[in-house]
Amino acid sequence: MARYLAGRAAGVVVILLLVCLFTFVIFFTLSPDPAVMICGKTCTPERIHQIRDALGLNEPFLTQFFSFLIGIFAGRDYGEGANLVHCAAPCLGYSFQTNQSVWDMVVERLPVSATVAIGAAVLWLLVGIAAGLVSAVKEGTWWDRAAMGLALGGSSVPNYVLALALQYVLVVQLQVLPFPQAVAFGDDPVVWFQSYLMPWVVLAAGYACLYARLTRANVIDTLAENFMRTARAKGLSPVLTMRRHALRPALTPIATIFGMDFAALLGGALITETVFGLNGVGKMAADSIAKNDQPVIMAVTLLAAFFVVVGNVVVDLVYTALDPRVRITAR
Amino acid sequence: MSDLLVVEDLTVTFPTARGPVDVVRSVSFTLGRDETLGIVGESGSGKSMTSLAVMGLLPKGARASGSVRLDGVELLGRPDRELRRLRGDRMSMIFQDPLSSLNPYYTVGLQIEEVYRAHRGGSGKDARKVAIAALQQVGLPDPERRVDYYPHQFSGGQRQRVMIAMALVCSPELLIADEPTTALDVTVQAQILGLLAGLRKDSGMGLVFITHDLAVISSIATRVLVMRQGEQVEYATAEQVFAEPRHDYTRMLLDSIPRIDDPLDEGVTA
Amino acid sequence: MALAIHPGAPATSGRRVAGVLLRDRGAVLSAAFLALIVLMALGAPLISAISGHGPNEFDTAAVNTDLGGVPHGAFGGISAEHPLGVEPQNGRDILARIAYGARVSLLIAAAATALTTLLGVVLGMLAGFVQGWVDQVICRIMDFLMAFPALIFMIAILSSLPQGNREVLLVLVISGFGWPYLARVVRGQTLTLVNREFVEAARASGASTGALVFKEILPNLRSSLIVMTTLAVPGYVGTEAGLSFLGVGVAPPTPSWGQMIASSVGWYAVDPMYFAIPGTFLFLTVLSLTVLGDRLRAAFDAGEAS
């Protein structure tokens, strides 16, 4: 077990390093010079050189890369003399745009993304699995056909289209919801809930449709298993047969898919956050990309990769707990 | 005392795209206590559907007509709620493929305990003791430890032993074994066959043994029912069937039993 | 069983699948809609010529400059002159932009699908056929790419790349992240096929590697390839639209559906048709492709089961 975990942890670190390197190379070689952008219109070559110096951009590529890595684990210093700024670990640098510490920006915005992700996840798990279950049990009925038709249609609506349509109907036309605002839960729980409701629904809709179809397929497959016939031959009640013998085999694969989907969302629901103006990691990513704010782009890419890779490991560990046939062996 | 199981004029009908099809037509047989009935036929002969109809486990859409009486009580037409109380308690069934017939997500202990608790209630502790005893009864070594194993941790023969333990945990009067040895190695087949015969004798229950292989039941059946394409072609005592079969089809089945002097022919039992 | 999957079988099964699909109302409707979209994309210049409005022609007469540029008339300015209305502010004809946008969307999705399939098949078969260290390397690359936060990374790459040919860049980036999903399946199937009797028989009778790949393995991958590619296309249409929506896709003034929806964000309250029309086209196209892929898979599955 310990060996397995150590191996997986090493794998995580390697992939994250590669992500770092890949991202770094792309910005180092392809991106327009950030110093020129910061400098603005009234710019002299000396001024650009000065800015590049302050940002550490005059160093060779590998030096910059290692400074970045060291910064994450041990912190680093920018500039020198009177201009010296110490950036404590975990240091992801400073935004070119606002000069804020990128780490602080991430910490500030992560709760918003987590709120969006958790709320949506609860919604899509409840709706998707319930709809899929009912469809599977009532296979071939009008309910099944209607629900699955809706699920197929629903998974084809791009979420920004759904977001605009919902806003138009609920906010502009019916006026049952206010336009989403950045309100803390403690300040006004009602407005907080109203503000997050649409993002949750929009984000959950596509997943709910997907999970409904997955659940239905898995449950139908499981109901056809021989052990279900055994359960009936044993005289177990239909409720116990369904709950114990059908649900666990049918839902275990969904748990692993859910883990991956959820982990990916923690890195920011880019489109949903942008459309609704929620100040999460996703919107931060979109903004930083629009303004070519490289330290922030690096940070969000790394953060998203971190969640995906760690989520992968967590899912594998959980899977071994859920399915007794899978046992951990060091590889 | 009445016979344990009386099946009269049993017909099972399946709806298909081309109209209803009878997969079992007018089958009748009787099983006394302390008896073993062998039902023999090729796949598709309706032998499994006959047993599923007795258990009330026919697939959705299938309909059974005629009469099935357990201990004088009519089973056909009774709601599933009532049949459920009989299944696993007074009549049990084991199947061909023990691996897929056991739920891979639960320990064999739990899967045995749940039968006991569904019918007898009682605490988890009692049920566990019963499960261990049941595993002991079917000759599984080290039952105290094995009770917490998962199905995939057993060999094929051991899994079938687990299935038998599960079927017998409530001491049923009737056990239906649907090709219980087909998926097993030949030596293991003989062990399971011996186990079933022994358990039947000890408990005095009635056993219905379904197989496509006449040779398998020659040693244990007291009566034999031969089925072909949904119909019964021969129904007689075992001695009669083996000594002087009345139907050509039975004779053909008998001829296909390999003798020791025959050359080995692999794969026919698959 | 070995006979059922032997090369030669796919031809008859292809006819059977086509027959099943033709009897399926959903599949036929989807195919009809897609045919319409393709025709519209091909005939975009014709549509412009007939209506007299190019995709980038301003028509200030169609919008009310006093009201900040809201289109004249109801439903976003739908009229005989502009059958799908006009864009607010500049009065560009939406029908023309939808038609030209369809060209871009379909072309990118088709090209991305082709490139993804090529990469997926070549690399997947290479891994499954050659095995050894080649397999190891390809598998590691696939793991790495699939662990990537693809959307964020696509945006990051696209935004930092020079403003060259956006369409080509989009295809490259989408395919670059898309091929492992196909390659993984191809690799798995190749691995099992390589050890099947008929492939071993062909190898034993001295068939060249090329003959093995093209005559024995590829024909057997056909049905799963058709299904996987069909199901991938709607994803790519959606991805292209999403990236254009986020402003890193097709660069204006080239019209694209995602970009049209993005520019409608500021207007949805006063001119809902502006997002409803491209939104509906995008939705119906993705839905049709999904339904078609779904039915195709069901038809192939039913064929395998029988």
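Residue numbering begins at 1 within each chain, and the chains themselves are lettered A, B and C in the order written.
Following the convention adopted for this analysis, contacts are C-beta pairs under 8 Å (C-beta built on N, C-alpha and C of every residue); 3 or more make two chains touch, one makes a residue touch a chain.
Everything quoted here is computed from the prediction, not taken from an experiment.
In terms of which chains touch, the assembly is arranged as an unbranched chain of neighbours. Highest inter-chain contact count (C-beta pairs) belongs to A-C. Using the average of C-alpha coordinates as each chain's centre, B ends up farthest from chain C. Per-chain Cα centroids separate chain A from chain C by 24 Å.
Annotation: 52 Å between the Cα-based centres of chain A and chain B.
Interface residues of chain B, counted against chain A in their complex, comprise 55, 57, 84-89, 92-93, 95, 97, 100-107, 114-115, 118-119, 150, 152, 163, 166.
Within the complex, the chain A residues that touch chain B are 225-227, 229-237, 240, 244-245, 248-249, 252, 323-325.
Remark: chain C residues 143-144, 147-149, 151-153, 155-157, 159-162, 234, 238, 241-242, 245-248, 258, 261-262, 264-265, 268-269, 272, 275-276, 279, 282-283, 286-287, 290-291, 294 touch chain A in the complex.
The residues of chain A lying in touch with chain C in their complex are 15, 18-19, 23, 26-27, 30-32, 152-153, 155-158, 160-161, 164-165, 167-168, 172, 264, 267-268, 270-271, 274-275, 285-286, 289-290, 292, 297, 300-301, 304-305, 307-309, 312.
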